[in-house]
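Could you have a look at this structure, given as structure tokens, before my questions?
Labels for the chains are A, B and C, by order of writing; each one numbers its residues from 1.
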């Protein structure tokens, strides 16, 4: 095996799971892995821009757009959600320990040339448009994911 | 690497996660991977026949049988469940985009000779009988799973 | 490939998911894999000692300590939680079938020399101290995880 590859499917839209994905990804990139994060289903919400853009959409697509969290810092927790209290506690404790926020972890991933991919099938289904997502995100389907995954051995579904 | 192998543990009983598992599996089969989906815990519910069979069972096993979703189209979502409203919205949007339902994805998997395995230990625990599951499902334990998984590098737990 | 390696990230604090992780890990160890379970985020709760120790902590850390389940047998289920009724039903049915509890699966893992690792970054964040966790647990970060994971092909995130 020449270059090492880490390929992560980020399916989850939970703040803590997205953090875990980006921490592993950034660690792998620091150890010279070629890293791809393939965002699908709720995982795409981590890539949304935080300011609401005006984009032409159908009603159902607008509803999804309203109901789903807009960007990394709006995601909830997988556990201890506690009416929104949990995420605040976690963010407070992260700040105290100078831990990187999810937004900062995503920026670091971009600086380390981690390939951030958004699943085109999900974008179609949920009515999300490329202009709503962060710049430098790539768009691809399951074939491209498999092309990356089959070349490496650290393959995770998060 | 001669034949490529994709082996997925489907633990989750969520409609969206099962969809993700079957989309990746069908994609991998289309790219000539040997693919196994090992259904364990709540993931077995995706394989249940939708019509209630009369099977001899103890009381506890009957309770599990009643409480757990009977078949692919009865599964809920991992997010946006919203009192059952979420799954309807997703199915509506899938229909609009001519996306395959989970039932159709499972049929496609069977046509593509993807090996669908149900975990015998879980079947014992939850009191599920082979006659309650789809035809052509295989029955095996963790040893068989590992036998498949250790021969390939796309290994996911969903 | 000489020695086979199985490396599991246990992120989840759910009883059923932790069971699945430990069943796969014990199976892999029985088939001569070198096995590591890297416990991170809520997954560390499975390693907590069940009796409350008096440890010096700040207020926020104490709150996390109180709110999170103390040890393997206190974890809830990922599905069918039903106000605590679900876990009792599962444990009842496990006892009836002489299935190993999570506590017993963890003991078996230790007997089989499975490497149990607790994520130092999470311990810092949630204010957990080594004396609160089981003996013989190792402490490491994402670099050590990647060092294990990149040498094997059965890599799961649970």
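Methods note: contacts are C-beta pairs under 8 Å (C-beta built on N, C-alpha and C of every residue); 3 or more make two chains touch, one makes a residue touch a chain.
Keep in mind the model is a prediction, meaning the values are calculated, not measured.
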Item to complete: Using the contact definition from the top, classify how the chains connect: line, ring, star, complete or other.
Response: complete
Worksheet item: Over half shared or under half: which fits the residue numbers at the contact of copies subunit B and subunit C, same or different?
Response: different
Practice prompt. Can you check how far apart subunit B and subunit C are, centre to centre, with Cα atoms defining each centre and the answer in Å?
Written response: 25
Discussion item. Show the residues in subunit A shared as contacts by 2 or more other chains, in ascending order.
Written reply: 153, 155-157
Response to the item:
subunit C contacts subunit A in the complex at 9, 11-13, 40-42, 60, 63-64, 67-68, 121, 124-127, 142-143, 145-146, 149-150, 152-153, 155-157
Fill in: Residue ranges of subunit A touching subunit C (in the complex, touch as defined)
4, 6, 16-17, 20, 23-24, 27-28, 30-31, 33, 78-80, 89-90, 92-94, 96-97, 99, 153-158
